[in-house]
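Chain IDs A, B and C follow the sequence of writing; residue 1 opens each chain.
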Amino acid sequence: MIRALFSGKLLLVAAVVLAVLAAAPLMLSRFYVYLMALILVTGLLATSLNLVLGFGGMYQFHHAVFYGFGAYALTLMLTKTGMPAAAAYLLAPCCSAVLGLVIGLITVRLTKLYFGMLQISLGSLVWALAYRWYSFTGGDDGIHGIPIPDLLYASTSAYYFSLIVVAASLLLMYLIVNSPFGRIFQGIRDNPERCRAVGVDVVRHQLAGQAIAGFFAGVAGTLFVTVEGSVFPELMFWTLSLELIIMCLLGGWFVFLGPMLGAAIIVTLRTFVGIYTEYWTLVLGVVLMLLIFFLPEGVLGFALGKARPAAAEAVGEK
Amino acid sequence: MLRVEALRKSFEGFVAVNGARLAVDEGEVVAVIGPNGAGKTTLFHLITGQLPPDSGSIRFRETEIAGVAPHKICRMGVARSYQVVNIFSRLSVFDNVQVAVLARRGKTFNLLRPARTMAVSETRQILKSVGLGDKADRVCGLLSHGDQKVLEIAIALGSRPELLILDEPTAGMSPEETAQTLRLMKRLVAEFGLTILFCEHDMGMVFSIANRIMVMQQGQTIAEDAPEAVRSNPRVQEAYLGETAPC
Amino acid sequence: MEFASNITAAALFQQVLVGLSRTTILFIVSSGLSLVLGVLRIPNVAHGSLYMIGAFLTYSIATAAGSGAFGFAVALLLAPLGVALLSFAAERGLFCHLYEREHLMLLLFTFSMTLVFNDLVKLVWGSDYRSLTAPGFLQGSFSISGLPFPRYNLFLLVVGPLVAFGLWYLTNRTKIGKIARAAAVDREMVGAVGINVSWVFAATFVIGCYLAGLGGALVAPTQNITQGMDHTIIIEAFLIVIIGGLGNIWGALLGALIFGLTDSLGILIWPQFAIVFPYVAVVIVLLFRPKGLLKSTW
């Protein structure tokens, strides 16, 4: 199965990259290890968004909800129940998947912009609940000092855990993108009408896509909790959702590892520019504005259904 | 196999289809002709479930399919091609047909197997039978218009239909391409036992292949008969009087 | 959890009035957003930033001009104009080159602008929040059936309909209004008739942003002027515009009413979760009318 998708050369490159990433904590200070863990987590989140955004063509305007929901789910399970940690870690992403299904059931019958807008309102509703429910979610303070299992508590351990989980998740998502489901899903992006005409139940597939994307966003949420030890409502705020879309745009949303690249760029920029000036948001904003302004029309455009041979060849298949 | 009766569809006051009727028997090749705006494409949309009719009945093999969702109608054995090329522009020729084959085989929720290894021989077979075998890996945007129209048919074939509905299959094609498509259609009926319902403006092509012809004008069926009878039908002649050459 | 423990006729009446005064601010901001969205098809996320800048400017001008009625009046006059000027520069410098872009790109572009504006505000005014007290005669409250009703809210209840009337007059009775409405529906046709669409767009954009600034100016005495203002108002404004119908000013009014009233009545029914009520209302509206309550220009 893996053999069929990856050439020997690619496997070698992947092995080298993983080796380098695994060796990183031995060479870098704790701060950089933390930073890299954050990049991995954000990259996973952005990739999960791109499943439905770039590959599915859905206007996923509030993906952060599933991220925050997974983070809160894990936190609440660890702090309020006596559940074994392993079970909590497995269950939390499933909660996000369920949320993805529930919100999807409400939104998927709409198309494009209206889908996105209803998702924003539902997502904002969930955020508002978390924001105000002091007794349960900690309200706008969030929850801190979460009892992460000892095995994963240290900065390095959290990093290795993230590395393993992210690598596994990326592999799974890559398989999904290249599976029959992935093909159909991309077909739905390009031509939902034709998909129906060849017997594809578009709504059902889109729901499945939402659940899968939600699941992996939830995984990213659990990793965040592991790395940070805290959870707060900002994880579900709309600004994060838009930032994620920008990450996908930046890295290239028709390329599988594009969002990961975009996430790395933005997190790195934020951190390093932040060292020199407290106005790093300004720098980020200007860079993004320049990028969007000067990007020739349609190169990274959301050109649904437009025949673009160059872009077609760049579709994330190796 | 297909029975359409008293079908009506209007859009905000404009009546596109006004009491159309049609009968297609197994193994037949039936053509729908009529001036531009007669409602042919709308009729096809109604039959394939893309639009729900206001009233009337569409029966496929004794099952009422009026208003049924398009993907369900396809699963019953009806596939179509489109007048304006409506393919998966970002995928290759092979991938386009493979989508239809995978959908037919019910493999669309398979999450982990690599798609490129699935349904390969069936897809290649279909491409070969329509003459696109050597262009399988090309990206659709690079195909000629004629080849894209043939791809349209290939995708429809991926669903292994019993009834194939073709909306102007030779529109915009050169004479050689038209002749090739004609031969393909004849082979589909003879070798694969398909029933074909199509609409066209190219009268020469229609008369050389159709067993029966249905004539539409302003949304109504004004004639439904064997080709010769239709040719000499005064109402039909009147409808086409002054018609300029097809686009 | 005090659930529905405060509902009396008086409290209801008072909260309705509070809700209506909140509606004023929401309507003014949302109508500006709707105007820009409807005519220029730009989902201007930076609209919230302009609101925030309007509030900060009002603080500075009012404080500089000496607190009191005069200072506030001057601020109310100049702050929105300042915002309008800023938006004019943005439109001529940036937006007029972007009209043909896809909505998603415009959304991301304006979002990037909020990042820039946010830091610019931090640069000029620092990170601390500001407070502005209303001028003397608008301070305090008078009692309605024994419950306090702030005088400033009454001021808002007067200003609201005035602005609504002004907008109605502008869009329905003036030439530029009619042209803008036509351009909202068919910009090519308007251009074909020989009208300089570019200037129509510029004017509409500036007016829309002026409204954002005005909203910020009016809200300044009622709450802390903080950095996060832009984020909260913009999601509210967008949701209001969405439920009202994209580009429909009266839809914005309807949406603002729904939002403002559900918020204030929510305080009566379940104070802790008051902010959830408007979102629930939005979801309910969108479930039944996904394209908004009134006709959109899209």
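Note that in this section contacts are C-beta pairs under 8 Å (C-beta built on N, C-alpha and C of every residue); 3 or more make two chains touch, one makes a residue touch a chain.
Just so it is clear, the structure is predicted and the values come from calculations on it, not from any experiment.
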{"item": "Shared chain contacts [chain A and chain B, defined touch]", "value": "none"}
{"item": "Farthest-lying chain, centroid of Cα atoms versus that of chain B", "value": "C"}
{"item": "Core chain by centroid distance, with centroids computed from Cα atoms only", "value": "A"}
{"item": "Computed distance of Cα centres, chain B from chain A, in Å", "value": "41"}
{"item": "Chain A and chain C, separation of their C-alpha mean positions in angstrom", "value": "32"}
{"item": "Whole-Å gap separating chain B and chain C, where each centre is the average of the chain's CA atoms", "value": "52"}
{"item": "Shared interface positions of chain C, touching two or more other chains", "value": "none"}
{"item": "Residues of chain C touching chain A in the complex", "value": "45, 94, 97-98, 100-105, 107-109, 111-116, 118-120, 122-123, 231, 235, 238-239, 242, 272-273, 275-276, 279-280, 282-283, 286-287, 290-291"}
{"item": "Residues on chain A engaged by chain B in the complex (per definition of touch)", "value": "1, 4-5, 172, 175-176, 178-184, 186-187, 190-191, 193-202, 205, 208, 212, 305-309, 311-313, 315, 317"}
{"item": "Touching residues (chain side chain B, partner chain A) in the complex", "value": "48-50, 69-71, 74-75, 79-80, 82, 86-92, 95, 98-100, 102-104, 107-118, 139-142, 155-156, 158-159"}
{"item": "Residues on chain A engaged by chain C in the complex (per definition of touch)", "value": "59, 106, 110, 113-114, 117-118, 120-122, 124-125, 128-129, 131-134, 237-239, 242, 245-246, 249, 278-279, 281-282, 284-286, 288-289, 292-293, 295, 297, 301-302"}
